[in-house]
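Each of the two complexes below includes subunit A, the first together with subunit B, the second together with subunit C.
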Partner chain A sequence: MTVDTAARGEAHRPAPPGLMRTQERLLTAGRRWFERSGAILLLLPGAGYIALAMAMPLLQLGLGSVGLSGSGSGSRLSLDAFRVVFADPMMRDAFLFSLRIAVVTTLLSVALAAGLAMLLMFAFPGRRAVILLAKVPLVVPSLIAAFLVLTMIGPGGMFARMAHHAGLQWPQLVHDRAGLGITLVLMWHEVPVTLLIVIAVVASIPRDLIDAARNLGADAWRVFLRILLPLAVPGVSAAAVLVFIDTFGAFAVPSLLGPAYPQALPVTMTTEFLERAHWEVASAIGLIVAVTTIAVLSLYYRLLAGTDRVIAA
Partner chain B sequence: MNPVWIIRGRFARSALGLAIVGVAALVFMLPIITAVLWSLVDPDVGWFPPDVVPASLSLANWDHMLAIPELLESLGRSLVIAVLVTLLCTVLGLPTGFSLGRGRARYMRVIEVLVLTPLMMPGIVLAVGLGAVFIRIGLSQTVLGVVLVQTAVILPVTIRIVAATARAIPGDLLDAARNLGAGSFAVGRHVVVPLLIPGILAAALLSFIGSLEEFLLSFVVGMPKVQTLPMLLWAYLGGRSAILSYAAVVALVLLVPALVVLAVVERFLKQEYLAAGFGKA
Partner chain C sequence: MLELIGVKKSFGRTVAVAGIDLTVRDGELLTLLGPSGCGKSTLLRIVAGLSEPDAGIVRLDGVDIQDRPANARQTPMVFQSYALFPHMTVAENVAFGLRMRKVREADIRRRVAATLALVELDDLAGRYPRQLSGGQQQRTALARALVTEPRLLLLDEPLSNLDAKLRDRLRIELRGLQQRLALTTVFVTHDQAEAMALSDRIAVISGGSIVEVGSPEAIYRRPQTRFTAEFVGVANFIPGTPVAANGCPAIRTAYATFRIDGAPEIARREHLICLRPEEIVLREPAGNDGTVGRLVQVAYAGAVQDCIVAVDGDAASLRVHVPGGRWRVGDRAALIFPESAAVVPMDDRA
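On to the complex of A and B.
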């Protein structure tokens, strides 16, 4: 502050010292006021909107699932909706189906993205073009990917037609009970997202560390196993959690490419809400999805705290 | 990321490059060619297996989609919604992002996590929860309702980008301006705002494309009265009745703005914006 005042005194024509001091005091007070309450005032619009947009639906789902959000039948506290959801084998299958899609998609996406990232660590002609191409799915909606996959590997798709000419039988990959078609479309979007995060994580690893290891005689494999892999684990697992949450709650792709039975949980939930107007049941499913998400997130933070200690040790 | 390893043999390097570029091109180009072919199928002849190429091509599907009001109406509605969402996100996200980027108070960590929560909760939970709230207060199946619900998931992206930009402004620059006699207002006007503009533009661009492509929340809140372009695509892909030729037309219309945005981002913007913006779509 003293430097400030001195500099300002030099830069301007000298003002009456009294006025100067009052101005300075006002400015300092203003800055202090801004630092205290101004920051909160500025935070309010965005953070307030998000807080409302998170609290309202969760409250609605919470109250709705126990029959307290009064739709038609009147408000009465009951756990009927949960009883319906837990007793229905269709709901159990939907939950397991969504869970399996999410786990399989997450594992495949992370594995593929990690492999691609490793390939991209080599210098080869066309490397930049590949990185650019890999970003295309980031801006292309999953629905377009669904169309592309449907016309490529679906029954009557490009590959099926080519296989026919080669005299081969093309397997059913869309509307299949294993959800393979769904996984493929979800991967179209999740692999580049994961790849981008993995690249950022690897780029943040100090180059000196790698050079030092190589100078000390470590070969490429050792550098990868002992330095890159351990340092990449936290970032890559964060990407995996994001992929899991995204795919566990996926609606559009399973609704188009899923089998008639089992349906994905979000598809069941949307049907209950939009077509049957069973708010209580839809709310109960929504809470189950939310609780699963929170469980995965807290498990992640628990495990991450562990890896931090391992790396430090 | 710069390459870490160099392959010594010139032949091995070229072979690896050729293989990877070839596979990448196959994965991306073949589906797009197929989409174009589907949109050009002659409806009188059709395109039935096992033909690899349609027997006859025509622009009939394009003529049909442009003749019925559904496509252009959905496109117009999507654009209006995208503009409104972009404006709302900028107005709400600019002060918050700036404050989050520059603030050092302890509660900033909490706000940072709060801002991320819409990206950590599956969209379906927010969609049905907000959908039910909106039905009760009469915002369901209105353009305003769709704008508000999209803002909930796009605003975090805006805030993160603005915050990252504000954080990157060097404190020395602000001190220098103050030392040279600039008041708070002058510092804001001549130093902070010009440095924030690239971030604000990047955030606006990504909000716009995010809104244009958002499906789930718009679907639950807007159907059937407020139909956006992705909802039309969903309908033709089998949500209503599967008509692949019409779906191809809608998909290609939707693909153009996406690729334009990617080109602009690639050409003019720093790469961090894409990473911050597409953590989740």
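On to the complex of A and C.
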């Protein structure tokens, strides 16, 4: 009781000036710390997501490929996985196969989408139906498309049987070494995505520019060549980069429609860690895929930096 | 010389151009003046071939150019947005029209340089449009049109995106250039002050039709229609009836009897006298004044005072511009009217 009262008395008594200053200083420091960490807390939803969802997997991939965080084996820094990957001709073929599929699909998709977009600039009967139909692949998963293609152009598929009835030899379009079936299905999926982007890009070009070009003597072809094309390049090439990244890392369609050899890089990667438990090798392949796409992306930015600066009015 | 005969254009059910006949003389600057949506820009696009008329003839120097596509007309246009190509420099923009006509490269370089010097942009030839100010962009657009040495220059509100000061300066420059080069020009604007300052003749347009065509002075001093009187400048309308005064046609109103300027045809119906604010004079009231009123509003407008005068025994009030600055709100004043004035038909709302 006495102690309690004394303590309370103590609390009510004004603190000596030196102590007060210390308290104040502490309080200010605390407030500053809170302000600073409060800002960090506010950043968490965005920056935290980026760190967790994007930086971490890449880090994990990098560490795993050099034997530092692979599960199963002990942690030991080594470049063995890369040695294995670079020494194996199968890996080199897989890389080239994926690269070829990605490049061919990208070029064909962009060309087809650009052509379609230019066509859709004109009014013609059935234009809306064409736009609607072109969007169908957007809502159909590519795995289903792969099955559709398999039942249509695969050996024993619809066309093959029809050809057989007619006494013709149906060429091998799936499981082929050229990856034709894969390219077809990937294109089926990528063209509409590209088309949407290209249409938006072309629509964002002011109508006045086209009128001004015509007014100054440019015919339709030169309006396309001198005005539309250069102004559409940044947007269209962005679409091309997206298609490349998407198709270079494609797994489902190549694993379903690809040949036994060569396999696409992501298919090889899956085999390495699911069937052989070669985590380091799988990580190394994953890193090679990631580095390739990052290289393409930075090349894109490097090439377009000039154009972008000019266009961004 | 440009001739438009019976030109018509509709968009769906909306009539944009309702049968227009118009001639633009050689070396003349003719302005199409009207409110937004009156069809003036559509008419210009028809002349340029960017829009196809439903009916009518477009003739340039006596040749029907109706079937020529836009790129074969040689009627360069300066757009309201300037429509400069963002991926080309000033020099490349200006050279575009010559390149399309396959002019020799050496000639292109010479003509581009000369035209850029004409609009005082020679030191900015290597810049991109986004690196230019609004006025510089406007002059680039003008140079791009002028470099082709057009027989007809089309200007679609080329000054309306500029601030007032710059607009005023470029207006003078543009007019000087047009007169120096004796360029046949069609100018589209909704700004009546701009039209007055620039034009040899003005065609007032409303609802897709030409209301009247005349010199800026005629349009301002002797408007033939109430629409023109209202659209161009400020006007006071005073109702009156026709009378004969000393054998001259005149209109008697509640305030005074006016002789009629330009003697338009006067039907046996009510008319409106159209008085500009500076045509009415205010004076200190004396004993035997005709019309007296009280100043209900006085605004300072630089050289003049912009006054609103409530007329005694009348619901109407008149807008009066008086030089100097001696009038105050609440002052009483006698109103002195001119002897003659413009007259417009009362029911005309074209």
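We take it that the second predicted complex is superposed on the first by the 256 of 313 C-alpha atoms of A that agree within 3 Å, B and C clash if a C-alpha of one lies under 4 Å from a C-alpha of the other, contacts with A are read in each partner's own complex, and residues count from 1 in each chain.
The rule we apply is simple: a residue touches a chain if its C-beta (ideal position, glycine included) is under 8 Å from a C-beta of that chain, and two chains touch if they have at least 3 such contacts.
Worth saying up front: this structure is predicted, and the values here are computed from it rather than measured.
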Contacts of A:58 with subunit B and subunit C, given as first, second, both or neither: first
Partner chain(s) touched by A:281 [first = subunit B, second = subunit C, both, neither]: neither
Which of subunit B and subunit C A:42 touches, first, second, both or neither: first
Which of subunit B and subunit C A:217 touches, first, second, both or neither: second
Which of subunit B and subunit C A:130 touches, first, second, both or neither: first
Touching partner for A:81 - first (subunit B), second (subunit C), both, neither: neither
Partner contacting more residues of subunit A (subunit B vs subunit C): B
Touching partner for A:240 - first (subunit B), second (subunit C), both, neither: neither
Partner chain in contact with A:230 - subunit B first, subunit C second, else both or neither: second
Set intersection of subunit A contacts, subunit C complex versus subunit B complex: none
Residues of subunit A that touch subunit C when the two form their complex: 206, 208-209, 211-219, 222, 226-227, 230-231, 307, 310-313
Interface residues, subunit A side, partner subunit B - complex: 3-4, 7-8, 11-12, 27, 30-31, 34, 38-39, 41-47, 49-51, 53-54, 56-61, 64, 69, 71, 119-127, 129-130, 132-136, 138-144, 146-152, 156, 158, 160-162, 164-165, 189, 193, 196-197, 199-200, 202-203, 210, 220, 242, 245-246, 248-249, 251-252, 255-256, 266, 269-270, 273-274, 279, 282-283, 286, 289-290, 293, 297
Subunit A-facing residues of subunit B, complex: 1-7, 13-14, 16-18, 20-21, 24-25, 28, 30-32, 34-35, 38, 48-52, 91-93, 95-100, 103, 105, 111, 114-115, 117-133, 149, 151-152, 155-156, 158-159, 178-181, 183-184, 209, 213, 215-216, 219-220, 223, 230, 233-234, 237-239, 244, 247-248, 251, 254-255, 258-259, 261-262, 266, 274-275, 278-281
Touching residues (chain side subunit C, partner subunit A) in the complex: 45, 48-50, 69-77, 79, 81, 83-87, 96-97, 100-101, 128-130, 144, 148
